[in-house]
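There are structures below to look over.
Below, chain A partners chain B and then partners chain C, in two separate complexes.
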Partner chain A sequence: MKIHICLTGIKTIILDCNNISQYSVFLINSALMNRRDIMSAVNPDQYSYPSVFIYGHRATGKSHVVLSIMKDLELPHASVDCVECVSSGLLFHQVLSAFFGPDAAALLPRCPSLSDFVRLYKQMSSNSPATQTRYIILDRAERMRDMDFSLLPALLRLQELVNDNVTVILLSEIVWEKFRPNTGCFEPLLFHFPDYSKGKSLVQILSWDHHPSYTPELYASYINILLGVFFSVCRDLRELRHLAVLNFSKFCEPLEKGEAKESDIHKLWKNIEPHLQRAMQTVYLREVSSVQWEQQQMDEKEATTLRVLSAHAHIELPYYSKFLLIAAYLASFNPARTDRRFFLKSHGKIRKTNFLKKHEKTSNHLLGPKPFPLDRLMAIFYSVVDSRVAPTASVFSQISSLVTLQLLSQVGHDDQLDSPKYKCSVSLDFILAISRCVCVCVRLLDLLALSLVIQSQVVRQERSLFTAVSNLHLL
Partner chain B sequence: MGNCSNEHRGTSFSASAASLSNPLICSSINTFFFLDKYIFSQVIQDQLNKKVLDSLAEFIKKHGLGCSSDNWRQRAREIPTAALMLGVNVPDHAMTFRSLCNLLQDSVTPFVVSVHAKECAGTFERDPVLVINLTLVCQATLTIRIIGLLQKCTQVFPQRTESLTNSDLPQSLPVVVIFKDFEAFNSQVLQDFILICSRYTQELPFIFIFGIATSPSAIQHRLPHSVSSLLCIEVFHSLSCTQHLASVFDKLILNSQFPFKLSSRVIQVLVGIFLYHDFSVQNFVKGLQFSMLEHFKSQPLSMLCCQKQEALLSAKTLSKKNVERIRHLPSFMRYVETQEPQEQVQLLTNDEHVKEVCQQLLKNLHKYHKNYYPILQCLHSLTSSLPKFPLGKHIRELHVSCIEKNLWETEEYDSALQLLRILAKDELVAALRKCAEILKSTKILQNVLQQLEDFIGRLEALEGKSETTLLEKESRRTKRMNPYEVLRSQVIEFIDSLVREYLTPAELQPLNEVCYYSSSGVLRQRLNVTPRTSIQAALSHPFYYFLKTDAGTISSAAPDLCIVYKLHLECGRLINLYDWLEAFVTVMSAAEDQDTNSEDARFIQAVSEMEFLGFIKSTKQKTDHVARLTWGGC
Partner chain C sequence: MCLKFYGELLEAQNQPVHSSVSWAAERHLLSALMWTPEIRHVASRKYAGQWREITGPAPVKMSKRRSAALTGAQGISLAQKLLRERLCHQKLPDQPVGLDSQYKHLLELLRRTAVHGESNSVLIVGPRGSGKTMLLGCVLRELMSLKEAQKNVLLVELNGLLQTDDKIALKEITRQLHLENVVGDKVFGSFAENLAFLLEALKKGDKSSSRPVLFVLDEFDLFAHHKNQTLLYNLLDVSQSAQTPVAVLGLTCRLDVLELLEKRVKSRFSHRQIHLFSSLSFAQYLDVVRAQLSLPPDFPDPKFSDEWNHSVTKLCEDKTVEEILRRNFNGSKDFRSLHSLLFLAVSRVSVSHSTLREADLIEAWRLISVDSKANVLHGLSILELCLIIAMKHLNDTYDGEPFNFQMVHNEFKKFIQRKSHSIHKFEKPVVMKAFEHLLQLELVRPVDSGVCKVQREYQLMRLMLEHGQVMEALQRYPQCPTDVKQWALSAFG
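Coming up: the complex of A and B.
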């Protein structure tokens, strides 16, 4: 009977709320039907199950379903987002103030421990005993793992600790196996929110917010076209809705101009498809803000005027900083053994047969940048710069400013003063762009080309590198 | 390098202390302060970034106040974000942010918080700082509802939260958070912060401003898609640092009103530091200020370096000593040599006569400057559009070559004139018009302007005559120039004559030492320091500091550290401590009657000092060895 009451409760939610998660409510509804024992979790009178763990991908409606159940059944609950809780004290504080008012929360000591919280909770709940189950909802529960190690096991059996009718609901994007502490703990009820399937649920949910001035059928066909383009890259419902609303006015344009009728789906598709493709490259990646995208649609000027974020990849750097970066790149991607050969004018003869060891023959670009000491960087720098440079303080300060700009990164934390080590964290294209505007001396070009030839021994890399080399020779 | 600067400093300090009592020098100090203030006001009131800042304020107004009508949920979750591209000249950013803060607080919203990456190294420190900042801001007015963020700081300010959350005014002002150095922020902290803010952005309109030094793609590198999808980013570009430098250059160096001048070498040093090292206009201005300080300190005649009237006044009342100083100026001596023998005697013996001549020369100098800058700008506007920029792309390059040597003797000038001689008519007319504009705005050199306008009129009168191709062909065959070509060569000759008359090198002007600061060596030494060279010089030539003669060999009279340093230069990468000690003892025992007991301790102390200075470090390869951190021997 109680179950029946609860189910009707949920049904009223379904009828009431006009929002995206109706379908999710259907889902949870069917799950509840299958596992009646969970329903005791929403049973206000008896002691309920101490903890529930709900997991599923982003935007599958976890928090929305839980919170709307809480709201619509008017259950006492405390909802906490774990991102906000930099310390467990903040979490305790939010829970207490939600259940017993801010006065109770003010009683917490300045740096509350778990036992403080339990003591205070007990005290408060004895004053105002629970008539219904109280719920603590912890969103983004994966953050709890970074907090005090005893917090999670304690919260899972909080019911026993405080001796009150309380249930902790954890919401997370990752599976329970990643949570379980080494020492073992109370196993919560697991609950999975599956991804929305393309054919049915996504179309159904997205079609809910159709435009009032057009028929739902038209909107549904629009959604189908949209999913055809975006489904391969994005299954996030929130993002899809965002994109759907952004591009709908463009879709309706032929209708407003009277060039097509609502039944001309093919014509509409022809009109919108390239537009959506462009949206995938720009708005979806947030290269262009949504406001700019809308403005551009109104202005009707095509992509030429659009200033995308990654178009400004070029960075103006002081002259010596450019050379320092080039030197760092060479130091990071060339083996130290080859330095003699590249940077000394009268290097000794090196036998060609086993010049490179076997493990060095794989492309360094596949292995990633290697750390190098400051001395080596400076030695290469001096040999790369065509004029004589004094080792001034500002040259060294440029290295540290390159580190703050994240173009170089410092490796390791011991020996910071004597011989710090760095890695070059910029790409080949970036270095080529820099050396193109810096290079007056032919030797440096040769150096880059040579080191590139040595590195370009893996097929995947070859093409881009050889074009790079030929570019260099063109210069 | 370091040693001579030290010596220099010692003497000049005592000199400046003595000169303070001299009233005339005091007046030059006043001039210095006046000029310094002038520089400051020019740079501060610099409205260069005004456009960007205004558009930023516009952006914030639009998003902060207008978006409440937009009830679309997804949009409301996006936090409006301005990515302000500032360039890598980090020292200059502080000023831009200060003026941005002031502008926003005056015109948009009082709730502006700016955070620096240093202040928020980890999550733990980060959030409370911001929250406290916000609450401090909120104490001023209670019109804002901070719900979520203030829940967190209830521990800090429990009673205040109540009053804040209860005051429910519907229209709330935006809260602007400025991240001064976006690249330096810990990305995890940033992500958390954005997540939290996006939760509350409906109740509390947040607006972010990211100060980005590199490129906008830094945002994508730093934030995952799930977080960056919460932002609605718009990019704003501030003026590039080279443009900024050009405007400062126009205001402070290419300005006849500003009496203090820099010689070509000094300009090269300052611009070199700017282009090669830091791109920082602030540092450039500091360099300028420093050279002014040096000039007024080291050149007693700098009291004549002020506005024309004051300079003439002080020239009238020159002291005997200063008249003598004037006689010793190289430029004055050159001037004397060009005079008649009778006049020469007068100049060398009669003080009053020198004062009078000096006034005349100062007048000439001011006139030279007045004429110099407009003609320089004209020449620049003529040559800056030529292919390959034979006289330099920027006016500063042209200026440097003009005051350094006779411009008309250089090859670059010849090639520039060659290029000017083949200009088409409309290009030439346009260029001349620009020159006329420049001269019109300065209101001097009216006769030159007259001639220029005359030329323009004649060129335009040629309309139609030179159009006929047949005539041209014929003239080319007969090597006879058509009327346009005749006129063009006249124009070029006119320009050439202007250059020869007005753009003479400053060093040839008598009394130029009064205004021009020329010791570029000192400037380089002070502004572009080489700490390691100084340390090494001090260690290898300690006697330079002790003002004793250096024998060149290792002597026991030197400090222990220097002996140890010289001995370590003779070693390889790894140094055996025992051998080192032996060598040390040998050097010490060369001197007579020294107590031999303390040598071990002195050696150990010297070695640890070496380690502190960063020349050696202990190594794990061999226990009784230390590793050298520098290379190269003696």
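Coming up: the complex of A and C.
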């Protein structure tokens, strides 16, 4: 029994849900305080405050509540999403056409400035004066900070500039302090939309999507299990709804197969919990698309490895490129002084000195890869690779292709031809995965393990380390 | 209130109308809304019978007899209208409060330009919300009431936010002087030529002398950022060279505006500045509050306005209200912040709640003085909160030096291994996603806004929260596990 899911986006799921009215009623009840504040502040046929700023986390109902107020009271409003407005002219066009019709918007010149917009607005509003307050709603208003510097302060005092009863409502995730321009501006009224609490609100909202062929109690217990896994990581309502909808069929599998009844919550939990853990590592991170996830659920009889979208698992490198990459990693993360000890056959007496310099102790591993010159890379490469390799152009061109694949990155200018410098841009997990593919002796893994040991600075018994290093070269 | 949803709510709850708790709150809300005839029509179409109960008897049309007392709803409606006009529409008061000397000075200056034909330039300087535009508006209103001024004076209003370029400014000047037809399609060599042509054109209308022009430049400091400051140079040049009587008035919030001007512009400016610094004492501030909230004596319903004014006086004498006003006064003395506080209080007045009470003011103050970042921290997931605590520890240990994701993840792993019982180990990509959410909320910011070639995990960042804010947010966080709290409080991470 499949739940009909619309996979084109999470927003569509919410809109297609036939419980939309209940959802809205719920929002009205729980966000009553906010609505009352907003409603009393933005009074339709009296003067209202020139600008209002509403902030809150994602999916807390900001746009929904404001737009539903506008639609149901049938107020003249223009709703603009600032992400769509790559230039301010698009914003002006949308506002004018929403209030005064497309003919008014056509009067705007080609690249309208704010001055043109205000002049045209004044002209239009004197032709058709407002009986009620007009509202301009700007969603995702944080994008406005990147547009013209004068757009935000001007819109905040639009009422005064056009001499008309208009209110600008800004909706955003980011707090007002980050919007304020340097020399100040007209301060809007601030309203906060609180997040949903786990027990009362979130479970209630999510339980409305229940499938008609199962009881609401079963769905509520499923939601509780889901929240038990995901709530400590993510509180976004849209994400949780998406995950709930995707995984419900797997949850109901034992019920369908007849292995469990609706009251055997424990059995159902044991069935679904590892699945949800896997979902956290794949679908939640968008490593796997929702379609692929569903596909896998259908074919999954035994625990197969999930094919992930992430490029790293797919990549297939030529033989020498793998060695080059491993050599690059060693060059980036081991300090140059230690090369002698690791890679030379005979390195003389080992003195009992402090193994790591002071400045390297804290954060070799934490600060990131260091640049290394090409010669050092080739030296390490020759000592790491197991067969004799001639320094032909094919080997060097593999370095360039590694740079193109962004597994290495070039540091410094392009025109330094004699000694280019590189940096390794992959993580240890990737290198370990590669070195497992390469059928090489244990020595390589030991080298990697050694560099790990250096990085974690647990070098207490230096003597034993030195013996380990010397034993390595006797292999 | 959404009518459709309200109806569904009733049906869903299936309860008698008066006994539901939310219904009482809704009634407040609905009666607070002032219905225009259009909305009532819409409402009555859908819910015929219920509106009588909600809004009370239908408001009587305002008959011609002035002595008829208004019903409660009408009185409230009219009072709200007056107060809102004062508080949010910035209606000009009859006399500006506390600005007498500045008023006189400005009026005298403008009168000399308008009536006697002297050219002048002056800058009005004051912080945001101190009443520059209001002062200018009152002075212009009085000036235009003089007969000679009314006939002769031309007013050109420019704003630095709108006219961001000198060309746009020139077009706007042409438009406001109604000289578009005269200019037609002429092309001018320079700005100065164009301006001279415009002013010359004004002369031809009158016999021998030309009409005085008042140029009002709002956000004057933004004009100083234009290329070569041509507009300012030319306007001030005209004001010095006695061809046409021109007065240049600049309004700005920057005290150091003169440093922004070029030398040649500064020398043509008359260095006349009018400063608006509020010199109110707290007692005067309280008087202002009382005056702002009181209804004027010509209110149609004297009984209502007497009651209202009486309640306002009593409110201003209340201790908690005085405390709130004092805190607001200590924050900023200007009227704009006072207006927003009073507006939030006044908007809660409705038919059933027909006088202003101290609870309204307390609630309004709470809304204004809340810390918005604390609100944002309240809605984070526990993993994100742990990352913030890890960053706080890094800040404490390394004295505010920037950190990267690897370091934060390291701290977090140390916490998980050693001290945590309630939070289990999360994979690194999941932690990275939580970190990126914090980045999106701008609670964490990269040190050099991200154009460099460093990997995501190693890019240096700073935390945009203070130690105190994090600790306070932890106290308010719902169902915070105790080991997380202990970790935050411990000194050594």
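Here, the second predicted complex is superposed on the first by the 267 of 475 C-alpha atoms of A that agree within 3 Å, B and C clash if a C-alpha of one lies under 4 Å from a C-alpha of the other, contacts with A are read in each partner's own complex, and residues count from 1 in each chain.
Please note the rule applied: contacts are C-beta pairs under 8 Å (C-beta built on N, C-alpha and C of every residue); 3 or more make two chains touch, one makes a residue touch a chain.
Everything quoted here is computed from the prediction, not taken from an experiment.
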item	value
First, second, both or neither for A:H365, with chain B first and chain C second	second
Touched partner set for A:L189, first chain B, second chain C, both or neither	second
Chain B versus chain C as contact partner of A:M280, first or second or both or neither	second
Which superposed partner A:Y55 touches (first chain B, second chain C, both, neither)	second
Touching partner for A:S400 - first (chain B), second (chain C), both, neither	neither
Which partner reaches more residues of chain A (counting touched residues only), chain B or chain C	C
Touching partner for A:S263 - first (chain B), second (chain C), both, neither	neither
On chain A, positions contacted by chain B and by chain C	285
Partner chain C, residues of chain A touching it in the complex	21-22, 24-25, 28-29, 32, 35-37, 39-41, 43-50, 55-57, 60, 68-69, 72-74, 113-115, 118-119, 131-132, 148, 150, 153-154, 159-161, 165, 173-178, 183-187, 189-192, 194-195, 197-198, 231-235, 280-281, 284-285, 287, 363, 365-369, 409, 411, 425, 427
Residues of chain B touching chain A in the complex	72, 74-75, 78, 80-81, 83, 85, 87-88, 90, 123-124, 127, 148, 151-152, 154-155, 158, 161-162, 181, 183-184, 192, 195-196, 199, 213-221, 225-226, 228-229, 231-235, 240-241, 273, 275-279, 528-533, 614, 617, 629, 631
Residue ranges of chain A in contact with chain B within the complex	58, 81, 83-84, 86-87, 89-90, 93-94, 97, 102, 105-106, 108, 110, 238-239, 241-242, 245, 285-286, 289-292, 307, 309-310, 312-321, 375, 390-395, 398, 401, 404-407, 415, 417-419
Contacting residues of chain C [partner chain A, same complex]	1-5, 8-9, 12, 22, 25, 28-29, 32-34, 36, 38-39, 42, 80-81, 84-85, 88-90, 127-128, 133, 159-165, 168, 171-172, 175, 221-222, 253-254, 336-337, 340, 343-344, 347-348, 367-368, 370, 372-373, 375-376, 378-383, 404, 406-407, 410, 423, 426-427, 429-430, 433-434, 440-442, 453-455, 457-458, 478-479
